[in-house]
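Listed next: structures, encoded as structure tokens.
Here chain A shows up in two complexes: once beside chain B, once beside chain C.
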Partner chain A sequence: MRVLKLKKGDFVLFLKSLKRFGELWGPVKKGDSYVYARAEPENFDLKAIRTIIPAKKFFLPKKSTILKFKNGEWREHQEVVNRVIFGLHPCEIHALNIYHKFYSRLYPDTYYLKNREANLIIGLSCIPDDKCFCANTRTSVVDEGFDLFLTDLGDKFLVWIGSPKGETAIRHVGHLFETVTAEDIEDYITWRKERDEAFQLKIPLEGMPEIVSFSYESSIWDVMGEACLSCGTCTMVCPTCTCFDIQDEYDIKAEEMNRERLWYSCVYREYSMVAGGHNFREARSERLKLWYTHKLVGFMSKYGSPACVGCGRCIVSCPVEINILTVVKALKKEKTGAFWERMEVKNA
Partner chain B sequence: MKPKIGIYGLTGCAGDQLNILNCEDELLKLFDIFEIKSFVMASRAADESVELDVAFVEGSVSTAKDLEDLLAIRKKSKILVAIGHCAIYGGVQAMFMEKEEWIERYQKVYGKQDAVTLTAPLEPKPLSAYVKVDAALPGCPIEKEPFLKLAGMLIHGVVPKNPDYPVCAECRWKENECLLLKGEICLGPLTNSGCGAICPSHNTGCIGCWGPIAEENYAAEIKLLIDKGYDLDAVIKRFSIFGGTERAEKLRKFLEKEGRK
Partner chain C sequence: MLEAKKINKNPYMPEKARIVRKYDLTEDVRFFQIRIINPDLVLPLTSSYKPGQFMMLSIPNVGEAPFSITSTPSRPGVFEFCIRKVGKLTTKLFELKENSVVWLRGPFGNGFPVEQMVGKDLLFVAGGLGVAPLRSLLLYALDNRELFGKIFYLHGARTPKDMLFREEFFRLKERDDFECYLSVDSDPLGVWPFDIGVVTDLFKYVKVNAANTAAVVCGPPVMYKFVVNKFLELGVPDNQIFMTLERKMKCGMGKCGQCVVGHKYVCVDGPVFTLWDVKNIRGLI
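Now for the complex of A and B:
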């Protein structure tokens, strides 16, 4: 993979030059958090850690029209927007690679594939905070799934070129890029050591697929099920959650109608409900078990890696602290101190 | 032949009927599709003598007259749709959850029981307490889009269905920060979606005006809020406002079980 150098001072100029590929999107501050937003590169936050909603929103939109009924017939519909998405950390790119496996192999999803095609992905290095654990999930380094990847070395970026599209992107402004020197490599090694030593959180994932499988009858799921609010936040913020629902929007005059595809969550009551009203996962505990079994066992056996990239979103997002850290600990009989463990929640 | 419909109001603020009138551009379409036999808010020319295909009813049953009207509407309608919080859950007027008998509460406010002479008062209840309700459209008030969608389902012979997920779904889609995590009382996880998470999007906790979701884990949220330092009474009060009769009963049992009050 070709690696070049870009001066910090040329960063904004470079990103602006990419507007010919599409809209510029990147991490900006929202309250105490971050979101991917359409903005000028001056406003992108290079220190942003995880965004509230991951970059999956660009590939599987939260809500989109997939069929339109007009003049008596249904037609396939998709609004494809060309974008340059800046600021994806290695975990986020790994998550997209998981998305790609899921949506391109067995049943290729044309909507996903078109969106993937339309986006230029620019990765960005990061320093982990106390909720990051991508070193644990082996997703702290990425070598595919991006067009360009920038490692921030203070006054300069090292730029990895990951695709022909990435090559094209820099060719137009080739004068901004320099060859990497021995000093740059030294700086990278120093940065890498600092980054690798910055991880504070370690999740005991060892032995995980087996332990989850063995724990299928564990009462721990019932305890969590009592506390789970079924808000669906875990699945919405998880960068590897792929589930969606299909809804038809009827028009009273049947002139125009839409079929909508929208994010859905396996923790919602209706997710496993079938015609006639039978629910295969009536209890919330069953749904939580499904989620964690899918992430740590099911995906593993099918694709060879867990569907967790260590981004920490579930850890910062679940109001009752049911997350990968507390679940794995609990399955290993460790105390978690989580709300769901502290409170003996019982419904009246 | 156009399906015949009626739009009625019992005890409530009439906001649901008003929002049907607010459909503006789509009103002509509605007139085109349905034969509106009764809609007193829009026209006094109501014909109550005919059978209806669909009756939309807002408001809670709070008087003997309400009940009489509701029974008559039910009798002549093939499909009865409860629209708005009052009709589905009982409304704010059904929030009362103390053990005291209703009539004692009533007398505290109005004095003697016969103080109101127009019609006899009843404890406010949702339509389903008295009649079979075929479909419901939540909201306080209902919103135009979901109403038109539901009307569309009815006209195409589809069993009407509302989203069965909480406000949190829409709140995450809007990429808001979670207010519960920030330590605020937010009823998002317990409340029907459809509003587009308006209040949380403006940094205000959800008060639950679209009514309790089918599977609300109220006990967990009460305990969570107490864990965050809230006073139980304050939490119960907030949960009661738009809780309706059903949640009032649940909360009563919850408090008994917790050994308080």
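Now for the complex of A and C:
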């Protein structure tokens, strides 16, 4: 892959030059967290850690009309927005690669594919915080799924060019880019060493398929099920969660019917409920088990890696401390420190 | 660099179709014949599906749901469904008159592995609404009778009036080239001329070469355990015992996730599973 150098001072100029590809989106501070927002590049936060909602929102919007029905006929509907999305960390790009694998297999999803084509993806390196564990999920380095990838070396970026579209993006402003020198490579090696040593959290997932399998009947699921609020936050913030619901909605003003696709969650009670009221997963524990079995066992057996990219969003977001860290610990019979652990002691 | 994918036809776009014929099979189960309107698609779609596959049927503003195809691709022209009035969509569907428009997507699902069944004895056990997908395979086998060994069809219903396709099976019983046994759990009016009892009692009539038999069961969940035990007693191997399952589905294409069990999407990896699958994927049954 071709790698070039971009001076930090030219960064804003470069990103502005990309506006011809579409709207400029990137990580912006919001309260104590970050969000992907449409903004000028001066406002992008280069030190941003995980955003609240992952970049999947650009490819499978939270809610989108996929078909419209009027005068007795259906017609296809999609609002494709051309965007330049800046600031995706390696875990985020790995998650999008899972999305790509998933949505382009079997019956390729035309909506997803069009969104993918309309977006220019610019990755950005990061330094892990205490909730990142992408070293364990082997998603701390990425070599495909982006158009450009920027590694921040302080006063300069190294820029990996990952696609012909990325090549086109820098061609117009070629004068901003320089060839990489031996000194740059040394700086990168130093940075990389620091980055790799910065991981504080370790969640080894290697043995998980067997452990989850053996723990299928474990009472720990009931304990967590008791604590779970079925709020669906874990699935909304998870960058590898792909599930959706389809609902028909009548638009009175337009006198037409919209077939809507909405994010959906396997922890919702209605998720596995069929007409007539039978629910294949009535208990919250059953639904939680489905989520973690799917991430750690199912996906592993199908694609050879877990459907977890180590972003730490569930650790930050779950209001009742049910997340990849506590679940893995609990299944390995380690202390989790979660409040429901004490609940178990009380019940026992 | 990720592999570029060609953007094909939108798989969410339904195909316009009409109800050409409908009649009640029982109090709450109705038979529907539905014909695709586009003349270029009628034959390709209705002659190429596999028994055991399903279609997504929708009514705008009401919703979309999966239904087993109960017709056979060996008799193309229309799709047939056998539908119980149980929810929002089916209630609306039951209000529609003949010639009304409905929308279809599909066919979806793996269907029965018919090519693996060729040359084998076939043993069907149907209970209640489970007859819907099994009728498709049975009619397919009867239309291609020379491809299969012995065929046994066992069908149970609660009472005579609950038996779906009753008259059709009465006629099929008269055929000499396969064995059809019907039973009812109870016969309150005293009119039933055949066996009375649970469907597993009918196994006393079954004479198949178990090692070379494809055994197929579909019915209410409670039935599976008893019927599968009977198959195993006969000596049918795990991978030759087939069952077809029901789940909530919104896309039919392995995407929306609502039918997922373990790492299997019932809509694309199923709805037909073998006993081996069922033993190895928790939560299938």
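In this section, the second predicted complex is superposed on the first by the 338 of 348 C-alpha atoms of A that agree within 3 Å, B and C clash if a C-alpha of one lies under 4 Å from a C-alpha of the other, contacts with A are read in each partner's own complex, and residues count from 1 in each chain.
One rule holds in what follows: a contact is a pair of C-beta atoms (placed from the backbone, for glycine too) under 8 Å apart; a residue touches a chain by one contact, two chains touch by 3 or more.
Please read these numbers as outputs of a predicted model, since none were measured by experiment.
*Asks:* Does the superposition put A:C228 against chain B (first), chain C (second), both, or neither?
*Replies:* First partner only.
*Asks:* Have a look at where A:Y250 lands relative to chain B and chain C in the superposition and call it first, second, both or neither.
*Replies:* Both partners.
*Asks:* Using the touch definition from the top, say if A:S272 reaches chain B (first), chain C (second), both or neither.
*Replies:* second
*Asks:* Per the contact definition in the header, classify A:S317: touching chain B only (first), chain C only (second), both, or neither.
*Replies:* first
*Asks:* For A:E144, decide between first (touching chain B), second (touching chain C), both and neither.
*Replies:* In the superposition, A:E144 touches chain C alone.
*Asks:* After lining up the shared chain so the two structures overlap, which partner does A:R342 touch, if you call chain B first and chain C second: first, second, both or neither?
*Replies:* After superposition on chain A, A:R342 lies in contact with chain B alone.
*Asks:* With both complexes overlaid on chain A, does A:Y107 touch chain B (first), chain C (second), both or neither?
*Replies:* second
*Asks:* Contacts for A:K47 in the overlay, against chain B (first) and chain C (second): which applies, first, second, both or neither?
*Replies:* neither
*Asks:* Let me test your reading of the model: by the given contact rule, A:H172 touches which partner, first (chain B), second (chain C), both or neither?
*Replies:* A:H172: touches no partner chain.
*Asks:* So chain A touches chain B in one structure and chain C in the other; where do those two contact lists coincide?
*Replies:* 248, 250, 257, 264
*Asks:* How about chain C: which of its residues touch chain A in the complex?
*Replies:* Against chain A, chain C makes touches at 1-2, 5-14, 16, 60-65, 86-90, 101, 103, 246-248, 250-251, 253-258, 260, 262-264, 268, 282-283.
*Asks:* Report the residues of chain A in contact with chain B in the complex, numbered from low to high.
*Replies:* So the residues of chain A in touch with chain B come to 30-33, 35, 51-53, 62-63, 226-233, 236-237, 248-254, 257, 263-265, 268-270, 284, 316-317, 319-320, 339, 342-343, 345-348.
*Asks:* Under the definition above, what is the set of chain A residues touching chain C in their complex?
*Replies:* Within the complex, chain A contacts chain C at residues 66-67, 69, 72-74, 76, 97, 100, 102-111, 113-114, 117, 144-145, 162-163, 216, 242-248, 250, 257, 259, 264, 266, 271-276, 280-281, 286, 290, 293-294, 297-299, 301-302.
*Asks:* Within their complex, state which residues of chain B touch chain A.
*Replies:* Contact set of chain B toward chain A: 26, 29-30, 32-33, 148-149, 151-153, 155-156, 158, 164-166, 168-169, 172-173, 175-178, 180-181, 188-190, 214-215, 217-221, 223-224, 227, 250-251, 253-254, 256-257.
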